[in-house]
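One chain, subunit A, links the two complexes that follow: it is found with subunit B in the first and with subunit C in the second.
Our next item is the complex of A and B:
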């Protein structure tokens, strides 16, 4: 295939990715150094109230947005350097909290709170997803062929469901005196409020994510199990390997590339955790990095979107993703070189 | 293989069956439960006692319920429909549709079946049941509380059908455009071993990892001010991109592109290159070979990739909620709005009904395309 035909085939796709992914990235990067604000001017306003004998008058200085001749607010964009980053990171406050070893004060800053949750979420769900996925795959591989179809169908349901709706559906089981809350209360014999503090919410959110992603891991591992070399298993058996040893030394090494693959996908996706915050309405207690950017982008009560702060927090989120990607890219590059 | 040594001891068998059973319950329970809740009055739906939720005494007390007869006849109609869809319909299409137009036969057939089902189930069945119920005595008496009022509230009073249309537009657009652009690119990338092709794939992989909010932060100011910026090029009627479904379609297609080209590339690589070489020898250009020889054998891969594009467009919350205005809102952001506003338990059950309405199409999707979804999940993985 010569380069012209190649360009004709790949062109539209590359063009779309450049226009809608690469270009926004650059614009986010520049936006994070600029702030666009209405221009304010200070005017003196004299307000008089009728009084006895004479009016009582007072002069107030007010700052109001400047209007142009059409009556619309004049906007001004100016370079602020790293100010937006400083607004997001709040380094002085964070440093003060760290130096006085005050974890609570440190976690009162939105960015650090979001970072802490995002990392905890990613690291805790990963082993659970891998473990549950592998167990389901192994068990599925053991059952009668007739049952496998229906079981796969049921397994796919949590994976396919709209993430916000999935989170909401779990939320409704627990909300107020939902049946599962009632069940736990019966077992523990005391009142519990799952939505009133951060850690219970976090457990619910992680539980939802494991429920949502484990099917994906299970299906991938199940497909991998179909290709396990039966000769290797047989020789392990002849050598007297127990069931556990066969799993540990034959099956798991065979699945290793898939385990790496699922881990990478899961790390990427759970670092972007967002729908859980919406579905569990947890923003009062628990927020994630992507939700922080989203929150800056949503208009506030005055209708303003803090674009520059959103850009700064977006750029900071990107740093984490790049750290995560380096090992993956190195591996892919090595495979590519090895393949030729 | 020595089968005896591989047979499992009974306790292991029991544990594994038990585990599978527990997992199936966990996987299906939340979805099943919101479906049950959506048909009950608020008092029943949020009751602490599971049996009260299932049987709905409060709903029944309001005079809304179904009898054993209703259940039996309803199930019979559903079963008959499923039977027609899986047995009769394929036979009819095979015998009546002209060769090469089987897909048209399928579209017409499924539409007719869907309309027929709606007419029989919602039109004919209630009338027949009304006439039959008194005759059957105790079997005709309501036993389980069930009401569809929340669905009526959602779809008619709250204008959810409008959101449904918007979802349909966005999803259909995303699937069509992303498959058209993606198959071309996937084919080009699969057939070219150059470093440039590999570079594009690597950059696509990086793009796949980007949080969507990062990209939206880039779009928003441009989209809101686009009318001013585009005026020098397009003149007076330059559009404001903010709030336009087609702008969101373009954005979602681009976001989905990295995944689409990776997946389609791996499907194209499975098709031997000799096939298009043979076509080229017979005098086809690259594009003709792609269209006449490769595409006909690529349908399974395209359908699978299309399913995942569909899921992305249909399930998206972040992009659609930030880039669409209230008038063009799709279903998922709309329900989140409903959920934030809810004050009474009735509002909550209405939101549950909306959630079930969103999930139902996905349920049927898995039912019909289970095999394709599984193959799509494993396609990217097995080949690394």
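Our next item is the complex of A and C:
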């Protein structure tokens, strides 16, 4: 292929990637170093609000933004360097807590609290998703041909449900005297409140995530199982390998690239855990990094948002994901080079 | 065949919107509104729709859309529904219109109490007030020989007795859901203790003995509540009441009617509305109003039509048809037993919610920071100090302080 044809084929997708991936990233990156804010002035204002029968009028000193002659708010943008990152990370406070070995004080800082949960969530769900996915795939592979279609459809159902909706349904099953909580209470004969402390909520959230994504892992592994070399399996059988040995020494090595692939996708997805926090309204006990970014972005009732800190927090999330992916990427890179 | 059905349906819906039976005039200028979605707004916008050419958006997330929609020129909505705090961003951005001329022209039926004035100019027309006040199960308290609680000490003592008697699952309910609701509980308590949130330079002033007292009262209440209180919002508390699971709660006046709804409630006629319990200075509650504003970016002709349509929605006829949907400020409202709690709170000197840009930020920070105290992760002073520190960071980023 000559370079012109190559450019004509690749050009559109490069353009799209620049437009939809690179530019937004650069814009967020830049915004994390700047702060845009209105210019306030303090004035005395008399405000009258209704009481039940008569009005109350008060004179208050209020800060209100200055308007220019077109009637729009005067905004100024300042370069603040790493200030927004400092405000998110609170390094001095974190360091003080670490050096005095005070876990409670360390976890009192939003970012580190969110990071603790995000990492726990990511690292606990990963082996469970892989294990459950592989189990389902093996079960599927051993199901009678006739039943396989319907069974695959049913296993895929959790994956089809919109995450927030799924989380909300689980929430309603367990919240207060939800059906399932009532059932457990009946079995154990004691009062149970799953939404009253952090650890039960965390288990619910992780359980939900595993339930939700295991079908994806299963379907990928099931596809991989179709290409296992049957000669190798047969010779293993003749050599007297047990079921477990065949799985351990023939099937799993064959699936390894897929396991790495699923792990990568899962790490990227679960590091951005968000739907669970919203769906289970867990923010009183547990927050995640992605939720923190969202919380900075949501305006309060008076309309203020923290765009700069949201940008900084988003960049930090991206850095976190990249760091998590390094070992897996290195492995893929090694395999790739070894393969040539 | 199918096409015909669609045409028929279209014709029918046209016909239904062109019935101007209850409206005093025929509106020929297209008018749109963006308001919150609760019952009172539904009643008001339904009445506005009777004038024709009117389209209502009832949206619980209206506060996120309104500032942008009103900043557009021409504005995307002519009428906006706001409350104390949600009017601030519109006022700050200068995107709402003073209403003095229109009030003079058409507002003969408005009471002075309805006119929200800022700096001498009428900026909004209030239609209702709302406040959290005490609701309690009259039957249970009477059975146990408990007087109507007047202070939080009374409330806690009553809760202890109810708990000992074991007549309900949890003696108390509370809108303690992390975020806005929980912060509102603190705001109520702190106002009741006579506290002020920020000083003249927008510096926070909540880390005070009054602040600590407010936190301690909140925590003492949680001992008598459903342990999942951090996810319990107004609707959840309302349902707990309706299902007979709680005996007392400081709940919004706008939820009172739900207690008397036989389709949902098992406690019809048993819930009494009373003043919010007193703090050391005032009732532990804050008065809110809801009302309408008009966008600045529209023609005078549109503003004229929008104002007339809005007034049709806020007239006595609407109030008489929906008397119990809210504590209306509109003439024609029959003050019934459901409004007794809000009225008693106002009489005892409840303070209005002191809406400002600074309190907007502080309210969010309180909402995020308070749970740590209730779960026992931090003590009261640390919690308040941390909230103040977070407020300073946010206020600095917003440009409110240097």
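Simple rule for what comes next: the second predicted complex is superposed on the first by the 298 of 340 C-alpha atoms of A that agree within 3 Å, B and C clash if a C-alpha of one lies under 4 Å from a C-alpha of the other, contacts with A are read in each partner's own complex, and residues count from 1 in each chain.
Everything below uses one rule, namely that a contact is a pair of C-beta atoms (placed from the backbone, for glycine too) under 8 Å apart; a residue touches a chain by one contact, two chains touch by 3 or more.
Just so it is clear, the structure is predicted and the values come from calculations on it, not from any experiment.
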Contacts of A:9 with subunit B and subunit C, given as first, second, both or neither: first
Partner chain in contact with A:323 - subunit B first, subunit C second, else both or neither: neither
Partner contacting more residues of subunit A (subunit B vs subunit C): B
Subunit B versus subunit C as contact partner of A:281, first or second or both or neither: both
Touching partner for A:294 - first (subunit B), second (subunit C), both, neither: first
Partner chain(s) touched by A:256 [first = subunit B, second = subunit C, both, neither]: neither
Overlap of subunit C and subunit B interfaces on subunit A (superposed complexes): 175-176, 281, 298
Residue ranges of subunit A in contact with subunit C within the complex: 35, 37-40, 42, 45-57, 60-65, 67, 71-73, 76, 84, 87, 104, 107-108, 110, 175-176, 193-198, 281, 283-285, 295, 298-304, 306, 308-309
Subunit A partner contacts - residues on subunit B that touch it in the complex: 1-2, 5-6, 8, 12-13, 16-17, 19-20, 23-24, 26-28, 30-31, 33-34, 37, 46-50, 53, 180-182, 184-185, 187-189, 191-194, 196-198, 200, 202-222, 250-251, 253-255, 257-258, 261, 286-287, 290, 311, 314-315, 317-318, 322, 332, 335-336, 339-340, 348, 351-352, 355, 358-359, 362-363, 365-367, 370, 373-374, 377-378, 380-382, 384
Interfacial residue positions of subunit C with respect to subunit A in the complex: 63-64, 67, 71, 84-86, 88-89, 91-94, 112-120, 126, 129, 177-180, 182, 200, 202, 226-231, 236, 287, 289, 296, 327, 329, 342-343, 346-347, 352, 354-361, 363-364, 368, 371-372, 374-375, 377-378, 382, 386, 393-394, 397-400
Contact set on subunit A toward subunit B in their complex: 1, 3, 5-6, 8-10, 12-14, 16-17, 19-28, 31, 36, 135-136, 138-140, 142-143, 147, 149, 151-158, 160-166, 168-170, 172-173, 175-179, 181-182, 211, 215-216, 219-220, 223-224, 227, 230, 233-234, 237, 243, 257-258, 261-262, 268, 271-272, 274-275, 278, 281, 289-290, 293-294, 296-298, 305, 307, 310-311, 314-315, 317-318, 321, 324-325, 328-329, 332-333, 335-336, 340
